[in-house]
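One chain, chain A, appears in both complexes that follow, with chain B as partner in the first and chain C in the second.
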Partner chain A sequence: MADQPLLELNDLSVTFATPAGPVRAVKGLSLAVAPGRALGVVGESGSGKSVSMKAVMDLLPRSAQIDGEILFAGENVRAMSKDRMKHFHGVDIGMVFQNPMTSLNPVKRIGEQLTEGMRFHQGLSKTAANARAVELLDLVRLPKPDERIRQYPHELSGGMRQRVVIAMALANDPKLLIADEPTTALDVTVQREILDLLDTLREELNMAMILITHDLGVVSDRTDEVVVMFRGDTMETVETSQLFDDDRHSYTVSLRDAMPDITQSRDDNLEVAAEDAGRHADIPHLRDPEKAIIRVENLVVDYPAGRGVFRAVDRVSFDVYPGETLGIVGESGCGKSTTAKSIIRMPPPTSGRIWYEGTDLSSLSAEELRRKRADLQMIFQDPISSLNPRRSVWDIVREGVEIWGTSGVWSDARLVELLEQVGIDPKYRDRKPFEFSGGQCQRISIARALALDPKVLISDEPVSALDVSVQAQILELLDELKEQHALTMLFISHDLAVVRNIANRVMVMYFGRVVELGSTDAIFENAQHPYTRHLLSAVPGLEALGGLDSIAGGASSDGSWLDSERSAGQRSEEVPALVQCGPDHWVAEQ
Partner chain B sequence: MPETPSNPTATPAANIGGITTDLGSNALSPPEEGTTTEVSVARRLGLGFWLSVGWLVLVVALALLAPVLTLERGEARQNPDRSVFVLPHPEDTAVAGRLDGPSPGLWFGSDNTGRDVLSLTIWGSRISLLVGFVAIVIGFLVGGSLGIIAGYFRGWFDKVVSFVFTILLSFPALILAILITTLLGKTFLWISVSLGILAIAPVGRLARAQTLVFAEREFVAAARVLGAKDSRIILRELLPNVVIPMSALALLGMGIAIVAEGTLAFLGISTADGLSWGKQIFESGSNARTLETGPHAALFPIVVVFLTVLSLNFAGDRLREVFDAKELAF
Partner chain C sequence: MYIIKRLSQMLLVVLAVTFLAFAAMNLLGDPLTNLLGPIAEADPADLTDDQREDLIEARETYYLDDPFLVRYGRWLGDMVTGDFGRSFKNNVEVRTEIANRLPVTLFLMVYAQLLAIVIAIPWAVYTASRAYRLGDKASTIVSFGMLGIPVFALVVLLFWAFAVRWQIFPTRFDDSDLGSRVWSLFLPAVALATPLIATYQRLLRTDLISTLQEDFIAVARAKGMSNRHVLFRHALRPSLFSMLTVFGINTGALIGGSIVVEQYFGIPGIGRAVIEAIIRDDFPVVLAVVVIVSVMFVVINVLVDILYSYLDPRVKLDA
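What follows is the complex of A and B.
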């Protein structure tokens, strides 16, 4: 680092006064970032990574007590006058927040929001500010910028909105850009585009950047130096190139190990015991549909949209075999959740047929369906929203038993056992959900689903809302329980690495249709469809992990298929047929 | 999620460096004993809340005890030396002079016809409080259930119910109350019913809105997947969540009903079969001469109504604030 650091934190501490006494959210954080450099701040929730940056931005509530030194280009930030502070926030630093939906004002046009700050801080005229706004939108690679400034946020996609937020942060030529989880709410392919954009802009404008994230993969691709935080403490500060070395701090190593590894096939990863090895061979293949536990044929789900309908799922067919885990992957809006949930008729399919153990579910009466459905249980993405805040853990887990009568499958003793199995100490059974952490709530949710002894478990993004270490625990728990309870699992996720770790077979969906279906190894090591390749290539941190064979050739991971598909604007009338291209590998015709 | 430093259970148990390996042992970090939310709910409700509750308890207790505290009709004139806690019958005239001011033994003074204002006020509270209570019960039973059912099932039923609510809200409230009481009788029952009908729409709309919010939550979907029937989902999953903001509204609504009863009394619509605060204020307060010579006769019941309604509002607001905050934190 030849340059004088632009932002320097020396022994920064933040303490919150709470009714339970003071809580130190950040303890003695020191870091420095020079112009043109990118610094990553990594940690799980509660690590203090966001709080420390909010301290820099003076965005903390009054109850927070800040100690230590914050220097910006040698100037003490905490001693700044009010006016200097305004300039510091508005001009010297740009900030990009996690959620582009909430960081834009929904009732103001893009142009207005962009020009507001410029007119205030730079005193530009309306026309000059507008011209600059167009320039900025062009800078963040938003197509047709002169049309965009007249649009409202809801007219743009999530990725486009995040570009607008970045443009706003850049409006006054900041010297430092602080990005707080800028891509966490975005799809993986969009994430790559946004991170690429931030990289390019940093070089073009010679800005310093601080990237706050929970994702080691993201920092490993995009930063020069990384600060690892845990519960307010700084674990270590390390050059990014050495992040994956062996002699790292034990917390960094455990964080690294908890990351699902996309380059390793499932068996290597989970170190499945020898007796399990035979299990995969037992899974019958598509050639024998008689053995399927679930058969889906020509499934269509329409949602009402305006005057017409939006076809969320378009003529999808697949089978699920007893004992396997079928991963369903794709980006948001591709219909992966809808497909899985329509098996339990939430929502009911518009057309198409679904068989469960040979019974056509659409032929059942409401009452018969209700009884069948006890076999098909589900766990949800948001562990907090999926538990009733007014009921105790015990009531929640007992609910199924109560519905189906106490004479049913589980006695109280077995419910206690079930709680122990999912890792919740039964002595806390009278507590309410808000007294538990997110990971614990997800465990309770799993216990509730298993209480009915289901045969099929539909898991809708069960780990997306959790920290990476908790994520690893829940995945391992799911895998264990799958064995113990002889479950068949449908595992929906946008996270390819997670799917590689847990699924036996994978179905890739794009825009309501299946583009590729096959064994997990076939999909990850020999992806055939350009969309699958595109998805795989967007996974952050791939290079640090040594890359994937399937995209190492990189022949068509450039997204040209996607571009032509997007520019067509709508789907072809015909659903491309799935063609077999391997022993357990099907791909859609292009 | 942003950091939640105030919640000690927000982060999972993990020793540095041991994060992924503690799966073998079963129980994760136990939630700590006595989290802040439990310890101090009573304290966080604040002194104002408890003062309000104290006042309401006093008013209700006096209303309930009125028959015990009061002498038979006519007895008061025979025993002019009463102890402090014995009241003359409210309808006994000339227990004191006309519009006598407050004095020991006659705390609130006397009214135009020499009746004891304190006794009148306590007896009046019986009808006023009951009208408020019955009105809000009607509003809750009818409006609350309609609102929850409409919010849960949506569809045509929701459309019809919402339309009815809108009509009820746009109908001039006083005219509706006058219409009902004139047609069916100026009795305690019909006054309560007409105020109850007026409470249906606001209560129902809140119930519907709250139901919409909670019906979106995944725990409702989870219950359905478990096989819960609609009735169970409404009663066991939704109702406990909807009832909290509703209970705050109940207190506010009771205050409004009490004031409305007073307004009706001022228009000459009050219980022909008993005393009420509204009727008492109307009798003493609508005559300019009486107001000039003995303002206390109207002032005391007005102050009591004011304090009671204020307490109801304040207690309701505080309850909502504290429980909403708890929800938010969760």
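What follows is the complex of A and C.
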């Protein structure tokens, strides 16, 4: 009976009772997934995609009221007895959650967490369950499984932990795997590994899968059918192969259009240079180190780690030119944030020199440095936690001006203008941050940074926590403001597509070192370093765009450089020199 | 390595406490007055020869002519060998006095702490799993009541109700065998435990509620584990930190509580001894108790720190 759906939702609604009245989080969702098939559920935050799956898993708080039908292989889930329900959750369905860092109990060994389900549901003995746990860890391609089961979660990396979570979900041979944003918290290369793993396992074990994600790129590569949701409503259900067709629902089209396009270069990259060659020397041979607004030479940042130190940034040198946006990309832990933040001496560099407009920042007294800081402002990743929740928007934006006293260039009228520029209606200036959405909070953060009339804006993953449509708006805003305020920007991101859309030049970092540096077009169209190519090849949705070849041209991605780096476990003593390989393109020697 | 480091820190704390206590006792009262009464303060010219000899003898016996620091050093040296000197009151060795009185107080403290934990943990788990519902709200009222009632009032209440009115428990401390010891110490232990129960319940409940919102709890539920398993096997251990911290700190406060309780129930423990000693300025006894309490306090808090790393493998025993 291949036609009988495994899981079927008919007209499912979820309503939360809140003090402000009932909120309908899911409105009449219907979907079906057949055995062995993969269904994507796509939507932005608040679309109800996770809530609907939590309804299936009975993980909603008591304030949630569920209506409609949930059928599993024809059986009414909502009418199940308590014991049948436990079996349904533990055996019929496996679930993988978003954040591998928090999905495992920190105080229990991996083995215990893996086996408890098997022992509870299958009544396996401790030895049998342990043997099976080792088998499972092997299945999810975790090296040395028999050692892993004795380890605690904190001894494993994020990617490894997500493999454990997947192994846990597979423990009782589920027929259906529900994966709720399984790779959102992971680096792009790890994301690809995990998604590949899910694909392979699905085939090996003939499982059905529901993949919940905000990322159209991810579903386009990995599913047979997609449900698109928006604010609790189902927009459409569509075969994945037709997802990017033009006659799709207008919301699907707008989602697609909001996705930063990794194949698209900034069209103004050269225009700007031509218009204003004096300020924006984008033509490489005109680039004169004397004109750099920031020069970084042999920057080293060490963090204390146990008895020794961890070298987060290892002898990094680069220049930033007035008016440009330098994108810094790399995976978590590569030192990209530390590099940018050490320019404002947070943390102060361990060694190396940083010049800002010709002044060596390390030579300044605390007071002089404090004055310079007005020139160098930051915006952060998490828009909500970077604003003081007890202060009004107006206080937040004005604070810097107050600290700098009357010498501040902004009058109240100009602050109002600034709020308008970032798209916050000044009549809401007395509201507190929690009354705004994430995107609006990020706008307030930007206004706060700009209130001091800085020359350099350091943006640390400013759009990573935002929905794709909001992300597009914020990127556009940053771009506009950069022009209006004649800003130079350092833009740190793990998202290559975003960087392609905003940066003029890109610096790729790996393990505390620069591996490639060049104009955005050179990096994306003619990546030279194997690590850069590896990063590019992992971008989700690449399949739909025609694969890596179509964007980076020619040579395939070869994992061997990375493999040998990883197996070496440590860096070479010498920093590989950057060799020029194009007009505005340098690559580290391998 | 860690233990050695902590033990040496601990030693410093105890040294500091003893020094402060020794200084306070010496500055607040003249030991001679306590020993010999008014003659110590009278003009030597008015004294008889016998009295003068007593005075000189006392000065020599207790080395009172030595400078303060020398006396402290001497006392410390004796103390380390277990010699706490003799009581000013009856010339009994302080060591014997302590050895007679300490066990029952320790027994009472352990009793009260055990009682508190055994009651507070299930209660907290119950309320956290039903947070903000009727049972939890009622529990909140009860636990604030338990925190609010002063020990001396509670003691009177318990005593009247269970020992006098219904005569379930004996009115006097009975040390004839272990059974009657446990039985007769039940009311005192309850009196000591009551505020502890409420404190532990409040702390553990709050921590549990936040743990229950963690992703790994949802993961455990999604694995189809039973509610009891999720609560006790997954949520409890990572939630014990605040409670454990306060457990350690309470050890000092419990001695204070036991003074009242021992007095009321006529238990011959250290609490009563220290009250009498303070009133009489019997400072060898007071100092001995200070040393014992501070050593106990420090030892228990080191144990609590070691327990942290057992509860959470991410906590490393260094720094």
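Going forward, the second predicted complex is superposed on the first by the 556 of 590 C-alpha atoms of A that agree within 3 Å, B and C clash if a C-alpha of one lies under 4 Å from a C-alpha of the other, contacts with A are read in each partner's own complex, and residues count from 1 in each chain.
Going forward, contacts are C-beta pairs under 8 Å (C-beta built on N, C-alpha and C of every residue); 3 or more make two chains touch, one makes a residue touch a chain.
Since the model is a prediction, treat every value here as computed from it, not as a measurement.
With the two structures aligned on chain A, chain B fits next to chain C without clashing.
Using the contact criterion defined above for the overlaid structures, shared-chain residue A:Gln122 touches neither chain B nor chain C, since it reaches no partner. Looking at the superposition, the partner that touches the larger set of chain A residues, chain B or chain C, turns out to be B. Put simply, if you stand at the Cα centre of chain A and look at the Cα centres of chain B and chain C, the angle between them is 30 degrees to the nearest 10. In the superposition on chain A, A:Ser445 makes contact with chain B only, not with chain C. When the shared chain is aligned, chain B comes close enough to touch A:Val23, but chain C does not.
In the superposition on chain A, contact of A:Asn105 is made with chain C only, not with chain B.
Once the two complexes are laid over each other on the shared chain, residue contacts for A:Phe97 go to chain C alone; chain B is not touched.
After superposing the two complexes on chain A, the shortest C-alpha to C-alpha distance between chain B and chain C comes to 5 Å.
Shared interface residues of chain A, touching chain B in one complex and chain C in the other, do not exist. Within the complex, the chain B residues that touch chain A are 1-6, 8-12, 14, 16-20, 22-23, 26-31, 35-37, 39-40, 217-219, 221-229, 232, 236-237, 240-241, 326-327, 329-330.
Considering their complex, residues 16, 18-20, 23, 25, 44-51, 230-231, 235, 249-251, 253-255, 257-258, 344, 346, 370-371, 373-374, 376-378, 380-382, 384-391, 399-400, 403-404, 420-421, 423-425, 428, 431, 433-440, 443, 445, 448-449, 452, 465, 467, 469-470, 472-473, 476-477 of chain A touch chain B.
For chain C in complex with chain A, the touching residues are 214-216, 218-226, 229, 233-234, 237-238, 311-314. Of all residues in chain A, only 57-59, 85-91, 93, 95, 97-99, 102-108, 116-117, 120-121, 152, 154, 165, 168, 171 touch chain C in the complex they form.
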